[in-house]
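Each structure below appears as structure tokens.
Both of the next two complexes hold chain A, though its partner changes from chain B to chain C.
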Partner chain A sequence: MSKERIQISEALYDIMPSDYQDLVKNATYGKEDRGWKDIGNTKELIEQHSLCAGCPESMAFRYILASLPNPEDTVMVGSTGCTSLVFPMVAVHNIHSLFGNQNAIASGLKRALSVRFPGRVKDVVVLAGDGATVDIGLDMTLQAWFRQEKFTTICFDNELYANTGGQESGLMQKGFVAKMAPVGKLFDKVRLPEIARESGCHYVVNCTVSKPSLVEKVIRNAVHIAREIGPTYLQLYTPCILEIGKNSMEGLQEMRDSEKPTERFAYKEYISEPAKQLLAELAAKDKERKAAAKQLAGQA
Partner chain B sequence: MAETHSVIGTKNKKGQTYTDTWKMMNEAPRTPSFYTGSEVIKEAIRRASCDVMIAYPITPQSEAAALIGELFAEGYIGDYFRGESEFAVMSQCAGAAFGGARVFTTTAGPGTMRAMENFPMWAGARLPIQMIVTCRGINSPLSIQPDTLEIAYLLNTGMLVWHAETAQDFFDWILKGYMVSEEPDVHLPLALCCDGFFVTHTKDVVNLTPADMCLPPYDPYRSPVPCMDMECPPVRMMRDPFVMKSNYISYATHASWQQEIWAAVERSRKHSIKWLNGLIDAENTDAEIMIVASGTAVSQGREAIRLLEDEGVRCGLVKVKTLRPWPEEEIREATKNAKHIFVPEFNVTGWLAKEIKATIPNHHRVHAGPHVCGGMTMPPEIIVSEIKTALGMKTFSLAGRGS
Partner chain C sequence: MSQYRVLPGPEHFLPPAAASMGIYLPNPGEAHINGVIVPEDKAYEEAAKQFLMAKVPTIFPGPLVLWAWNEKAAKKATAVRHLYNTLKECVQPGQKPMLIPMPDYRPKYPKINPEVEINPNHPNLTIWHNKIDCCMFIGVHCHQANLSLKIIRGGTSCYTIAMCAQAGHEDAMLSFRDASVEKIMKLADWVRKLKGTVQPRLTSAKSGASN
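Up next, the complex of A and B:
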């Protein structure tokens, strides 16, 4: 879909909601080098959200939506949880259906879009919490990867069930005391990034969302690789400050503390050989495009 | 975007001509063919212009699901794959339907139960998916035998629920079913049920429409809710997400949405009457004794009526074709002269009899039975015996009890 598709009829312009007018005038649909730097300068694809003040998940949402390489032809799939409080305010088509079935929904969706729009790019991006991805939905998460479904899976890992009030989850750290883990969690944090690699993902990253430029890079890589090659997986630490006893101001520091080299969210990535080749090609094209733009600017 | 010109009369990539469905079903020549129920499902789907079919093995629908795979290999279907469980398959079907595809799947018994969480979601999301349910036992100990108990669980999901008697019903209703469920004022999923094995694994003569004619493609832009393909503006659906709020607006939103689903089921009535030639078939409604049934119990009822005629007992028959929408008026009218109404069923709880009792005046007229379950067949003789016993007539024992 191009930006033309969302134009408003002249006669109806003044009665359209202001955020829709904004979207038409200032959205970054179709902009090739869109990214986190657009935040604040152009219309963002997320309106006001109803997450807690200072919630790192809200930062992650902004960075991800600013970084999607092709939002005008991207459909997102969510699941039940805090993310489902945000998606209704997101200006790309998104689906919420049940809890934990997000990768099954995305499998059907991607295939339908491929049947209906042959030769056109239609990206599918799943964004769900750790309960949905690793516990109740693990079967469907893995099976989509085994089948090499061509979409990106993003897990907002806050290491517990936040929306239901802080219960133990599979991605919780061992020993953490939480609801339903009254004497501390008895087993290790599930190693989904490694499992993702073994399950056939072509690009796997484990990191926090403390650095918007990093989020931009991994989102662009993940979406491009999923489009051309096969499944990709991002596990992003978005701590629930409420449930780990932090204040609104402390989310960023919590992420910085957790990404130190010895910590559990130290940057880790895996890129398959075909994906490495694709990224190299994309980088070369990008360089060419920038050089051409520079030359054009020089001539002018 | 939406098709601005008709494709009727043009050919698809397999050389089939997109044909007006009414003409295809009612005017095109029919060829009698001797097929199993599973093969009939395949032949219907060959003509259905399906975009996506998702399969999972479970007896007794596995053969049909695999045969449709052959159609995919031949190029008749856009995409086809085996999912990992019925829960996943029904979600994959939902994803494909959200993306604007005409979707088909098949399931049975425990699979239907495993997938159950998806069905109210399908209806709530207004996804016109068609699901064949080849009924089988859901009880423990494990059973693969026919038993229609699972239909009872589908009745309150917001799906359309039809119950086919024969393979011919199946062939016609698969194709007609899409026409009803894809109407903009309906746009709901359809559970097209049959009694497993009795219909799927037996051969019957079925009159098929020409193989070179197929349904017009599904147009997702006639949907009452936006298709999730980013081809129409991404309107923010809610300013304040009502999902987990406890306030008046939230309650009112959910209440009106649920009412709308059931209003859509009601609106399917007129389309179902048109395509199925009525929600019920009724014979001899002036008789004092009526059999009301759905599925293969209708066939057995018909045989029982023939046996009773030989003994001078006159009995009428109502074949219930659609369970949702429920043919309340039709059943009232057809049973108004009846003093005794018998409801033979292939399940232990007698859900159809309960529905009928809740529908008609003087419901003491309803004799809930006979029932068979767990895969037992229903010989017409036990229907005859049930009726004669109720009328105080002498009956012969059907099976000795060793006494």
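Up next, the complex of A and C:
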């Protein structure tokens, strides 16, 4: 699909709710350099959300949706959890899967799309919580990576099961006491980024969503590498302010505190050799394109 | 043949799928009314009558006609508009035709604004809010239409018509199949033909959708 196909029938245009009219007129579908800077001056692909006020997951959603390189040809796969409250308000095709099954669904979907639309770029992006990715869905997560399925897995790591009131998750820190895990976590935070690397992911990043430009960069890289080479994994810290006792204004600071060099969300990145090569090629092409555009603007 | 009839509800919280009650779909050239197979012409007449009888006859265009994803869709949208305009011209004072879109299928519960849209996961909200007593679905994918039609039959007394582009819908009270621009226009012709011959339900105690 391309932006040209996202059109409302003229005869029924006036009855379409205004958010859809706005999406067609002012959203950034089909825009080559779309990114976080479009937020505020174009129509975002997220209408509203029903997360807690100030929940960092909402920031993460906005940055990710602004940065997907190909939203009109992307299908996102979600799972149960706080993230699933947002998908109904997202203007990108998405599938809600049974809790934990997201990477299995995405595997089939990606394969079906490549059979149904050969020669067309169709991106698949999984976005699920840590409970879905690392605990209940770990089998599906790992098997998809072992099989080198070509899609991106994003984990919104809030270090517990937020949507069901604060149970212990594999990504919770050792010793952490949650509302429904009163004994305190007895073992360490599962090192999923390292496991991802060992399981065959070609691009792995562990970071917070405090910086929109960084989120944009890692999303673009992850989607492009998954498209051409193989599985990619992003683990993004989106603290559950409700469960760690912060108020709505404190999410950003919590992320900044957790990304300091000695902290558990200090920026960590792994890029495989073929992926490095691809990124270098993409950067070179981008440079060429920008230079040509600049030259053209100079002539005009 | 099944004794079950697909009738205006409220049937009960979870009405059975009409197919599971032995209702089957019409062949080309046919339609069904209340689950009974009839020649298509009979269905035009009955659908036009139901529209003209209703206090709030409503068309619900779905994504397949709202979005101009191909030329045919845009043409069908024009025909839908024509049907709506015809309804407006043919009803009597006190009747209020409506045209309410179903832009997509995302379960926007409970955020929906029932004045401006209908959602297949809770279509009853739009029907109750606008007191719709007769509606026609067009351009809604099969699964979502069936889901909606069942919810409407379960929780409201609204009469449902499906102008289906495939093989028809058992869960509607009246269903066409193989919908095309011509068929929508033909229905509009029938509405015009029956103008003034049908008594609207304006004063009847049973008028308006109930829960």
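Heads up, the rule we're going with is that the second predicted complex is superposed on the first by the 298 of 300 C-alpha atoms of A that agree within 3 Å, B and C clash if a C-alpha of one lies under 4 Å from a C-alpha of the other, contacts with A are read in each partner's own complex, and residues count from 1 in each chain.
Going forward, a contact is a pair of C-beta atoms (placed from the backbone, for glycine too) under 8 Å apart; a residue touches a chain by one contact, two chains touch by 3 or more.
Given the structure is predicted, the values throughout are model-derived calculations rather than measurements.
Residue contacts after overlaying the shared chain place A:Pro88 against chain B and chain C alike. In the superposition on chain A, A:Val75 makes contact with chain B only, not with chain C. Of the two partner chains placed by the overlay, only chain B lies in contact with A:Arg147; chain C stays clear of it.
In the superposition on chain A, contact of A:Arg5 is made with both chain B and chain C.
Touch criterion met: A:Met16 reaches chain C, while chain B stays clear of it.
More residues of chain A lie in touch with B than with the remaining chain of the pair chain B and chain C. In the superposition on chain A, A:Gln167 makes contact with neither chain B nor chain C. On chain A, the patch touched by chain B and the patch touched by chain C overlap at residues 5-6, 20, 50, 87-89.
Interface residues of chain C facing chain A in the complex, by the touch rule stated above, are 61, 65-69, 73-74, 76-78, 80-81, 99-101, 103, 106-109, 111, 113, 116-117. Contact residues of chain A toward chain C in the complex are 5-12, 15-17, 20, 48, 50, 87-89.
Across the interface of their complex, chain B is touched by residues 1, 5-6, 19-20, 47, 50, 72-75, 77, 84-98, 101, 104-117, 122, 139-140, 143, 147, 163 of chain A. Of all the residues in chain B, the ones that touch chain A in their complex are 51-52, 54, 78-79, 81, 83-85, 87-89, 91-101, 103, 117-118, 121, 125, 226, 228-241, 243-244.
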